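Heads up, the next two complexes both have chain A, just with different partners, chain B and then chain C.
And now, the complex of A and B:
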C-alpha cells in the first residue's frame, strides 16, 4: 500500500482568500464544463462525477489503514436497493436513492462484525469474500434481485418542472448537474469528517492502532464507523448510477470493476482528498477520451496497464505529490 | 478585358465583386454536388472489443469490415436511386451498461448512424431507452433481450439459445444409445436461458438430465466442476453456452479426467486450440452450432450469405486463428439490413425495419426464415429458420445437417415454454 505524503503547500496556498478563489474557479469550470463537451463526453462526465464519489468514499475507509475489495459491491448494494425501493415499492426516486445509501451503510455495519476481526491482508481477502457472497445472492435470488440478468427499466429521476422550464434528467447535462450537486455536498461532508476529531482518530488508528487503544480508543468502533460512512456514500454513487443507466446486474459490480477503483486510488494517491479524484479524472480522460479518439479502442487495456506501471515506478506517491510539489515551487517563487 | 467592361458598362469593382461571389458560391456548392454522387450511410458496431466477452464482438467487427469493403467496392447500397457507401463506426462497450449507453449516444447523436449492431445481453437495457426515444433500429445476437417494449430491437441472425435444440435433435437421431447427460453452465444471462433450452431439447428426445451445474464467471479452476459432473457418469457432457475462456478449460479437464463420451456445446470458438490442448481423437464427434465458412454445405442454393467460402478465406488471410462463432453473424445481419434498406428505398431506421419485417418472412443466412418469438419473447422480432449442426471430424468442423427450428418448435414448443418459465426466463419474468 502506498505511503502517505504530507500535504504540501506553502503560505500562499494556505491563505483562505487564495483557497476560496481556487474553489470559485473550480466551481465555475465544473459548471461550464458540459457546454464544451460532445454528447458522449457529457455521458462520460456523468459517470466520472459518480466515480469521484465512489473513489473519495473509498479513501475514507483507507484512512483507517484498511483496503477493501468489496467497495464496488457496496456501491452495487446502493444501486440494487434504490432500484428495488423505487421499482417494486414505488418509493419516489430521490428518497429511494437515500434509502439505497442507507441500505449500503446498514449492510456494511453487519459485515463489520466478521470483517473487523481481521486486519491488513486478511481484511482485504475477507472483504473480497463478503463481496462475492453478496454478488452471488443477487444472482441466486431472481426475486427481488433479478438473477444474473439483474434489474432493468429502473425508474429514472423524474423530470423537474420549474415554471416554463422542464429539466429532463435523462439528458446527460441535467444529470451531470444533479450528480455534481450531490457529489459536491458528499465530498464536502467527507472532507469535514476527515478534518474532525473522528477523522484524526481514523489517522491515529491507521498509524498507531495499539497506541490508540491504549488511550481508550475503540479501534473496532472507529473502523466500523469509517466503513459504514464510506459505504453510505458508495451506496449513494451506486444509486446515482442505477437511476441513470436504468439497469443493474451482478457483473457490473465484480472484482474487475474494483480493480479500477484501486488503480484510481493508487495512481492518484490517498494522502489527500484530491489524490483519488486526480486519479479517476486523469485515468478516465486518458482511457475514455484520449485513447478512444486516437483510435486505440482495442489497445486501451495495454496503455492503461502501462500507465499504471509507469506511475508506480515514477510517481510512487501518486499524482497528488505533483500538486504538492507544484504548490511548494509556487510558494518558493513568491518568497 | 478592359474594353469588354467598357462596352457593357460594368465597373471593374463590380466585375471583381461578382466574380468573387460566384467563385465563393461555386466553392460552396461544389462539395454538395460531389456528395450527391457518393453518399455515405453509417452503421454503428456497439459490442465488446476488449475484455472477456471480446470473442463475441471483435471477430464480428472483422467480418463486417470485409463485408463493407466488398459492398463499397461493388458500388455500395442502391437506395432510392442513390448509391450509399457504408461506413462502420465501432465503439467498444466492454460489455458494460454505462459504456454501452455512452457508445449509443455517440453513435446516434454524434456520428448519425442509421443502424446499430450489438451483442446485447447486459448492455442492452442501458441502450433501450435511447433506442426507444430515437426510434433507432438495433440488432442483438441474444433474442432474450426481446420483449414487447423493445419495438426497434431485432434478432435477425442468431436466435440464441433456441437453435441449440437442433444439435440435441441431431444427436438423438444419430446416436440413439446415449441416454444421460450432465449440463454445466456459466451462471449469467447467456448461460441460464441456454440451460432452459437444453433441458427442453433433452426432454423432447427422452435424454435424462442427471444434474445441472452452474459456475460463476469468476471461476478459474474447472477441475472440481468437471469432477462433480463426471461423478454422475453421463453419456453426454453438455457445456451449454459458455465463453471460450470456459469451454477450453472444461474440455481440457474432461480430457485430463478421462472422459470418453459425447460432448455437446453451443460454441467451440477457436476449437483448433482445444484440440492442441487435448487430442484430435478426444474432440472427434464434438457437436456444436457454428460452422467454419469454408464448409461446402454452405454453397447450397438456399444459403443467403454471399460467397461464404471466399469470405472465410479472406477472413483467415487477414486475421489467422481469429475465426469464431460471431465472425460471420454481424456481416449476415448487414446483409439483411442492406436488403431492407434497398427494399424500403430509404436508410431511415423505421422504414428499414418495416421493409425487413414485411410479409413476416426474411432471407436468413441459412435460408428463408420467419419473424417469430411472440410466445417466448412477447414480440415477433426474431428471424428463425434452419440452423446447422456442426460436428468436429478429423480435427475440422463439418456441417452435418441443417435442421429446422420452427419445425422443432411446432412439435415441442410447450416444453421450451415450460423450462423457460421454470428458469424465470420468460419475458414477463425478467427483472
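And now, the complex of A and C:
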C-alpha cells in the first residue's frame, strides 16, 4: 500500500544503499549550504526551512481530502502563543515554543467541532472564516495580542554554551541549523505518521469516505486528528518564526500568506511528501533569487501568479510528477 | 437617537445595494460554471480604476466612465473564461487556484499602472438629499446613484433570466450542464454570458462606488470576504438568496460598525457565516449541494 501512496518508486529508489547515500548527500548539502550564501540569502534560508515545515504539515491535512484556508493563521497561533508565554509569563523559549505548538493544536481541536461538520468547498470557506475571526481578534485586542501592530521584542532563543563554544542563535547560520534539526525531526515524524495505520486511514477517508465509515472508521475523528497534528507542526513553525524575527502581527498571517502556502503545495504536488518541499524550494529560489536578481521587485507577484496558472494548466500533477518521470527514465536507462 | 437609527438604515441600504451587485455576479459565475472566482474582488478593483482612468484622468462624463468600466471588466471576465476556466471545467479546485493566480496578476498590473498610493477622485456631484424629510438624515446623491443602478441592473438581470431565451439556457446550465447540453444549449456560450455579466456587475459596483471609497490595488480583499459571507448566508447558487443575504449582512454590518466598531462588525459577519455553515450549510435559500 505505501508503494501505491508514493507513486513511482523505481528500482533505484528501493535499493537501501542508494537511498542512504542520497540522504547523506542531501544532509551534507544542507549543512554546507549557508556557507555559500550572502547574509540576506542566509535569512531567506532560515525562512525557507520554516516554510518547509509549514507546507509539509499542510499536506498532512490535505491527505484527508480537505483543503484549509486557515493554516497560516494556525501557524500564527503558535507564534503568538509562544511569544506571549515567553514574554509575558517568562517561560524559557524552547518550552514556550513547544507550548505554542500545543496551543495551536488545541485551537485546532476546538475549531474541528464546527469545521468538520463541513466538507470540501464548505470546509474551505469555513476554515477561512474561522481563521479571519482569529486574525481579527488579534487586531482588535491590544491586550494580550498587541493590536494591529502585534507583539514586539519577543525574546530570542538563548545562547547555548557547549564547553568553550557559545552558539549565538541571533546569527542566521546558527538559527538555520537549529531550524534544520527541528524541521528534519518534525518532517520525519510526519512521514512516519503517514506510513502508519493512521496515515493509511487518512488516505482511505480521502478516496472512499463512505466506505471507510461503513467499516467502522470514524471519519470525523480521523479528520480532526489530521487537523490537530498538522496544526501542531504549523504552530511549531510559527514559534520558530516568531523567536527569530522577534515580532508577530496580524498581517504577517493574512490570507495573502495562505495563498503562498497553497501555491507551494499545488505547484509541488501533494501526492508525495517531497512534492510540497519541491514546490516551496523551487518557488522560493525563483522568487527570492532569480526574480530579485533580475530586479523585477514590483512585478514579482505577477510572475508568481503566472507560474501558478501555468503549473495548474500544464503540470496538474505538480513538480513531483517530473521526479517520478525522471526516476523511470533513470531506471530504464540502457534498455 | 431616531435620527442616528434612520441614518444608519439609509447607510445600510447603500451598502446592501453595492454588495448585492458584487454577490449576485459571484453567485452567477459559480452557479453556471461551478467555479469560485477568488479574483472577484479584483474585478471590482478594476472597475474602480476604469473610472480613475476614464473619468478622473481623461475627464469623460462619469456615466460614460461607468459604462466603459462595466464593458472593460466584462471583457476581462471573458478572457478569464476562455483562458482559465474552460480548460479546467472538470477541476473545481483548479478553477479556484488559477483565479488566485489571476488575482495576483491584476493586482500587480494595477500597481504598475497606477502605483500603490491611494487614489481619491472627486465625486461628480456633491449634492445631498434629506431622506424622510428629516434634517439630520442625509443621503449623498452619489450614493443614490449606486442604489438606483443596483435596483435597475438586478431587476433587469432577473427579467433577463426569467424571460429571455439566453436566460432560460443559463438557468438550465446551472441546474444540470449535461442535460442542458443534450437539449442543444451551448455550455461555452452560457459560460461566456455568465462570466461577462458576473464580471461586469462587479465592475459596475467598483465604478459607481469609486468616488466614495479609497481606491488602491488591494481594495478587492475585503470585498471577496464580503462576497463569501453573502453567498454562504444566502445559499450557494441562489441569486434571490444573494440579494436577501446582501441586505441582511449590510444591515448587520452597518449597524454594528456604527454602534461598536468596524473590526467587531467584520467578526460578527464571519461568525454569522460560520453559524449558517454549521446549522444550515445550504444557506437561507439554497436547495441543493453543488460543492
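Everything that follows uses one rule, which is that the second predicted complex is superposed on the first by the 327 of 335 C-alpha atoms of A that agree within 3 Å, B and C clash if a C-alpha of one lies under 4 Å from a C-alpha of the other, contacts with A are read in each partner's own complex, and residues count from 1 in each chain.
To be clear about the criterion, a contact is a pair of C-beta atoms (placed from the backbone, for glycine too) under 8 Å apart; a residue touches a chain by one contact, two chains touch by 3 or more.
On a predicted model such as this, the values are computed, not experimentally measured, just so you know.
In the three-chain model built by superposing on chain A, chain B clashes with chain C.
When the two structures are aligned on the shared chain, A:175 is found in touch with neither chain B nor chain C. Of the two partner chains, both chain B and chain C are touched by A:298. Contacts of A:153 after superposition: chain B is touched, whereas chain C is not reached. When the two structures are aligned on the shared chain, A:222 is found in touch with neither chain B nor chain C. Touch criterion not met for A:85: it reaches neither chain B nor chain C.
Of the two partner chains placed around the shared chain by superposition, chain B and chain C are both touched by A:255.
Using the contact criterion defined above for the overlaid structures, shared-chain residue A:132 touches chain B and also reaches chain C. In the superposition on chain A, A:114 makes contact with chain C only, while chain B stays out of contact range.
Once the two complexes are laid over each other on the shared chain, residue contacts for A:241 go to chain B alone; chain C is not touched. Clashing C-alpha atoms with chain C after superposition occur in a single stretch of chain B, namely 275-283 (options considered: 77-85, 185-193 or 275-283).
When both complexes are aligned on chain A by C-alpha atoms, chain A residues 132, 136, 139, 255, 298, 300-301 touch chain B in the first and chain C in the second.
Of all the residues in chain C, the ones that touch chain A in their complex are 36, 84, 87-88, 91-94, 96-98, 100-105, 107-109, 111-112, 221, 225, 228-229, 232, 236, 263-264, 266-267, 270-271, 273-274, 277-278, 281, 291.
By the touch criterion stated above, chain A contacts chain C in their complex at residues 67, 114, 117-122, 124-126, 128-130, 132-133, 136-137, 139-140, 255-256, 259, 262-263, 266, 298-302, 304-309, 312-313, 316. Residues 49-51, 58, 90-92, 95-98, 101-103, 105-106, 109-110, 122, 125-126, 128-129, 133, 149, 187-189, 191-192, 216-218, 424, 429-431 of chain B touch chain A in their complex.
Those residues of chain A that touch chain B in the shared complex are 38-40, 42-44, 47, 132, 136, 139, 142, 145-153, 156, 170, 172, 241, 244-247, 249-252, 254-255, 288, 292, 297-298, 300-301.
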